[in-house]
Amino acid sequence: MKIGVFICHCGENISSTVDCPRVAKICESYPGVEYSVDYKYMCSDPGQNLIREAIQLYKLDAIVIGSCSPHMHERTFRNAAFSAGINPFMVEIANLREHCSWVHDDIESSTLKAIELVRMAIEKVKRDKPLSKINVPVTKRVLVIGGGIAGIQAALDVANAGYEVVLVEKEPSIGGHMSQLSETFPTLDCSQCILTPRMVEVHQHPKIKLLTYSEVVKVEGFIGNFKVTIKKKARHINEDLCSGCGMCISKCPIKKKAYNSFEEDLAFRSAVYIPFSQAIPNIPVIDETVCTYFQTGKCGMCLKVCDRGAINFDQKDTVMVADIGAIIVATGYKLYDIERKSADLKYKGYGEYGYGKYRDVIDGLQFERIASASGPTSGEMKRPSDGKEPKKIVFIQCVGSRDDSKGISYCSKICCMYTAKQAMLYRHKVHDGEAYVFYMDIRAGGKMYEEFVRRAIEEDKVKYIRGRVSRIYEENGKYIVKGEDTIAGMPVEIDADMVVLATAMIPQDNAPALARTIGIPYDKYGFFNESHPKLKPVESTTAGVFLAGACQSPKDIPESVAMASAAACKTIILLSSDTLEREPVVAKVNEDLCAGCFYCQKVCPFGAVEVKDVKDINGIVYKEVAFINQGVCQGCGTCTATCLSKSIELSGFNNEEIFAEIAAL
Amino acid sequence: MDNQKWEPKIVAFVCNWCTYTGADLAGTSRMKYPANTKMIRVMCSGSVDPVFILKAFERGADGILVSGCHPNDCHYNAGNFHARRRWDFFHELLDFIGIEKGRLQFSWISASEGKKFADVVSKVTKDIKAMGPFTNYQKMNSEFTALFPEEANADSEIINQIKETVL
Amino acid sequence: MSVNTLKETNKLLASFVPPASFTDEEQEPLNTSVQLHRHNIADEISERTFQDVSLCYQCGKCSSGCPVRYYMDIAPNKVVRLIQLGFYEEALKSSTPWLCAGCQTCSARCPKEFDLAKFMDAVREIAIEKGIEVKEKNILKFHKAFLDQIKSHGRSYEAGLVAEYKMKTLDLLQDVDSAPGMYLKGKLAILPHNIKDRKGVKSIFKKTSGK
Amino acid sequence: MNLLKEVFMKYGYFPGCSQTGSAKEYDISLRKVIEKLGVSFDEIEDWSCCGATSAHVTNHKLSTALAMRNIMLAEQQGMENIIAPCAACYNRLIMSQFEIANHSGIRKETEELLSASFQKDVKVFNVLELFLNIGIDKIIENRKRELNDLKVACYYGCLLVRPSGLTKFDDAEQPESMEKIAEATGAKTIDWNYKVECCGAAHSIARRDIVVDLSKKILDDAKYHGANVMIVACPMCHTNLDMRQRVMKRTYPEHEDFPVLYITELIGLALGMDEKELGIDLHFIDFNYKDLVPENSGVG
Amino acid sequence: MKELREHAKELLEKGEVSAVIGYSQVSEKRTKPIIVTDPQDTDQLVFNEYCLNNLAVYLTKARIKVSCRTKDKTLKLAVTAKPCDVHSVVALIQENQIHREDIHIISFNCHGVAKDFGFEFSGDNIASKCINCETHKPLYFDKIFGEEKETPKASDDAMERIQEIERMSHQERFEFFKNEFDKCIKCYACRAVCPLCYCQRCITDKTIPRWIESSSHMRGNFAWNIVRAFHLSGRCTGCGECERACPVDIPLSLLNRRMAIKAKKSFSYVSGRSLETPTLVGSFNEKDNDELFM
């Protein structure tokens, strides 16, 4: 085997601490090395030409490049090698920049280390085998999980590009949190007025299949070829027959047994219900847990009044399987709950704010419902406990957010803005009322955001107090808010009629479970991880799965929409070709040696290991061995290390290559 | 061996997605750490076989670091969880057999933790330096080479030859 | 306190200048603990309390909930701020550390899990070590009288404590209303409870009062 | 919690200085109640003051050493679990243990000071934990009368539930364990605001003005929420809230007497002991259960 | 004994199984394994305190031969297994080496076996695995014989040895095991008797690349014994056959037992006890101990 070694100076980035000519010179004498050279910029056009010419001139079989990280230029050099006629997987890169010259000062020791790194690469390349890329077909259908604004936007963008979309929403209606908001910052336009047309568009789009009251229960397969199992929960209403007249709802005798979660528990709903009047689809759901029929077997009032015969108490959950090419995850967020938690939970709740026992201490979404014209108070400012108009209201920011002791270190990003908006709305509705905001910092970065906060302070005379509130006491129907104005250096006590807590945005409860179902990583809070924080913000690390909206980190509406469109665009790029090329780093089983213990099957994160029968000449199965589906295998190699008889090898990183690297140390 | 001049030889098995990238970040941020550690890139911490560790000791390593993605952040979802169990056992086995725990260390370093990478490598180097050369194993190595020169050099004959020319 | 005078500004800057020894140690990148750059009061306190003073982000929740906040001259969070910036005299001279009742409300609610009560202990300790004039003299006198009782008897001796405290403060009239009541109810022992190993306790006092 | 195991636990007893003087009745009632409930304990021999609060506010080393001296004695006398009825003592003891456990420097220093080494893990319990360990059922079982006519404000004070990381037996902000114990006596409990507010006991002598203000606020809130008696589990709190009511009247002439009991006294009453037996007559504010009972109803 | 033989005979005669793996008496205190395929031979079968071998080892090895030979017969085998050997059978089922429906387990109420052939079964000579044995009754079986009897009391020397080793310094431990492993002659008897070492090509036999040096030098011995113990950790059911088979008396079960203690302590897992629990190797829990990792 003839090997070429190319040492890059990277300008002075490598050569300042690594003696590149010396490295190249020493490599020349290595067994197997036919040609060794150093050059200022290997990745430049002349540099690549140098490689190509050397390959042809010296008839090289494999090359080693000593340069920057393989994550930077591996592809570049592989392409160069390929264009000169050698297999692109006969290229190894020794990372002389990020792992050597940049992190060490001493020229002697970093040069020696560089030599060792190149030597390891040479020994590895000697054992490399030519590999070819794997082609897999692409299913041209996209799954969008979550029907909030991000999911709606992504679904519409993909569908408008002409691809089929399956939109799965766990609630009975799409719309998400945005449909609960009264008005949006910084323009104060009505949230539902801008959202509803989008929801209708989704409903009517010929390319979008809308599955509400449904959940993704299983995801198998891989990029371009996912198999997704979706459970559609029983509504007990025949969707095809229901006309959405609402007769069942108005006649349902259960009126005050279940809290209305759309109204953030500020109102009740009947047992058969539509979450809100603009719901899409406009089809009710029967809540089995409170419905008299389901609890006692009697009643059936809805059945009697429905003239379409759409009520079906016997309806069961249905499960369907869809072939999917790409997945967009847009499952959104929920708000931090201040209630008392058991000690082992990561979020602690707020005892100092009463653990939710004070009825007029509410969270931001509850305030939105109170302020909303379609809400339980029809937009009138009334506090939950006694329906009186609060004359003094206190907003507390950073409840949960930036509070390590309660389990969250991050800033929820949108609370500064929505608190300003809510304080402003309050002042617009209660002209003689006083509004106070306790804040730590005001983070109003965004177009017209800072101006908006100033408007709340200057025009609407909201009083901003810098300091965190230590405790809320209830006294005489008032809420004593104990704080400190850290700017004035004075203690402050406010006897408020109502307190609004800007609680943190946290991931949905089932986010980690969903992440495991789909197979994407998540951070310690449960937010899904993007592939690269800067350059791949909408891709998850699993190929073919994209992220949109607040499931990745706290976001406001415009950001969620932008991210959704970006994810849609990435998906469209993926679907635009008929087949996909994949790196050939996959595991292969030696069937003769396989003992059939199937530990590989147990550890495989992707379900790539199948059982294969080995038959003798008479057709009798005499043993079962593991077989790895090349299309599904992602090449992690966990099976290779687990395999007791060492019958699995990972192409590109096989054991022989790694042993050679160790030996070269 | 001259203890004054002795520099430990440390091997790090790092996963391609998190720790290797984290090491790249340490480089991009020009963080400094000792040059004793050489990295071997694998796809996932789950693919590191304990025999690799023994092989490295047999090749004269004084210390070993295995590093992967944080739990729940594995590029392959669960590779590091399997690795965690495997290493828990192997580490305890080595300890029982009489190999100090510090010889084989583990860490989770994400792609964004360049600083942590530099700190961990520095710490491992410091620990190994404090422990001194791994004479227990190296004694066996030299005995072996003396007894079975062919087998010892079967796959590293050439390399040893070159090592001499270099150093 | 006027922050804007030239003198103050200089001091503020000065507290951020690393000492000469810092550059030497820089070559040893292994040790990143707090001890390395020990060059100001904040680090001194961080070291004593095992928590970094720079953790505090000045939200003021400590001051908000402090039961004795109304009697203090400056807010507790401000004491931390002054220490963070190196204005230790202003911090040590204020009445705040002395009025701190050690109830740990601040520590329990701190979003950064900074133990402010412990921090205040260290501030007082340093103030005593540096011999800085204490604003709340009576409180310090009380503490001294209390510790004197333990030192000589091993346990607190209330009658002796009150007597000594009165001698120290010359505030003879205080508590004349409750002492006889206590005495009558048999709660105020005339003679101290002496423990056996008084020598041992005394030696603890002796050894710890070194600095 | 393994109830059976805890019931037969043998406890060491660290009374604390107050129990020998100003909180004599706390000591008396604790001993009597415990005996009735079938638990015994041995006083740590030759215990000394834990140093609270004067030691830790002025000299950290001294405070750790003083507190750990008692832990050391307990260990030497073969005690694994000790009871510290005073909240301040309890807090000092567990804080010092925490520091010893987590900072080897302090551990070494303290071990040198005391010329001893800490081997075993001595568990420190406060009175609430003690009753929870014994079991609320046990109180109900042995109850001789139901204190139906009491409306109790349970006052935890500041140090009983803090630091929240170490006192895991209850919530630091909205604790409920004392209520559970009080309800076992048949008394009703009220929900009020100042359960965990500090009464300023550290400044009881040097800054009486502060103490009076703080105590007044606490007593008023309890009264406002309908309590007719307050119970405490700390001698410092009791001294402040009970004894200082006289002084309070000088600053706040409108103040009306409000009885403050130790939790042990409340349980004692339920177990059928009378006020004198429990030392309630030693309080500065008189309390007699009979006075609270409406005339037509009999006492159980 | 009679019932056992009759049962075995019936199984073979009815064709329910194609072979019965069992014990036959060699001398008073010695038995040997036999594979009975002819119903007439079943009167050789015995079960007593000297049935030391763990016959589960033949399930993987013999089965291939039997199944290849008997095209028209059932693949089902019967095995006589002590309750502790049943653990091995369970582990083999979990590792897909045999199917539960292909195996007929004949087990016994067991009160222990002698530590080796030729020793009188008594408190002094009881096998170490029997001392604190918790399964005197098999957890899985198709047929059970024998009466319940008390196990003789004895002190757990092996456990004491483990604790003794743990008290040693690392250097002392290293020396101890080096001396032990130095004796190894790489005969692989430990591998041959182990029911869970069923790989057709063992890791140590692989040459490209060479995983473990095969010459019986210290370094290869060291690697072999570490890898053997590691491959069995979380899997070994503690039958102790490896140690009994070792011709140079390396205390192999010390390592196995130490790893079993680890499995129990850290993961509450004991190998071969339940068909329902997922195997320790090949599963994970997100809450697994994370202290090892910086």
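To keep things simple, chains are lettered A, B, C, D and E as they appear, and every chain counts its residues starting from 1.
We adopt the following convention: contacts are C-beta pairs under 8 Å (C-beta built on N, C-alpha and C of every residue); 3 or more make two chains touch, one makes a residue touch a chain.
Being a predicted model, the structure only gives us computed values, none of them experimental.
Chains that touch both chain C and chain D: A.
Any chain that touches chain A and also touches chain E is listed here: B. Across A-C and A-B, it is A-B that has more C-beta pairs touching. On a Cα centroid basis, the chain most remote from chain B in this structure is D.
Ranked by how close its C-alpha mean sits to the mean of all protein C-alpha atoms, the top chain is A. Averaging C-alpha coordinates per chain and comparing to chain E, the farthest chain turns out to be C. Centre-to-centre separation between chain B and chain C, using Cα means, comes to 48 Å.
Separating the centre of chain A from that of chain D, both taken as means of CA atoms, is a distance of 50 Å. Centre-to-centre separation of chain B and chain D, using mean CA positions: 55 Å. We define each chain's centre as the mean of its Cα atoms; on that basis chain B and chain E are separated by 35 Å.
In chain E, the residues that reach two or more other chains under the touch definition are 203, 209-211, 281-282. Counting partner chains per residue, chain B has residues 32-33, 50, 72, 78, 82, 86, 118, 123, 155 touching two or more of them.
Shared contact sites, meaning residues of chain D that touch two or more other chains, fall at 172-173.
The part of chain D that touches chain C in the complex is made up of residues 17-18, 20-24, 46-49, 51, 53-62, 65-66, 69, 91, 102-103, 113-114, 158-159, 161-164, 172-173, 196-198, 200-203, 205-208, 210, 214, 243-244, 246-247, 282, 284.
Chain contact summary for the complex, chain E toward chain A: residues 64, 67-68, 71, 95-97, 198-203, 206, 208-211, 231, 278-279, 281-283. Contacts from chain D toward chain A in the complex involve residues 168, 171-174, 193-194, 221, 224. The residues of chain A lying in touch with chain E in their complex are 592-593, 595-599, 602-603, 616, 618, 620, 622-624, 642, 644-647, 655-656, 659-660. If you check the complex, the residues on chain C that touch chain D are 48, 50, 67-68, 71, 99-105, 107-109, 115, 120-122, 124-125, 128, 136, 138-144, 146-147, 149-150, 154-156, 158, 161-162, 165, 174-175, 177-178, 181-182, 185-189, 193, 195-197, 200-201, 204-205, 207-209.
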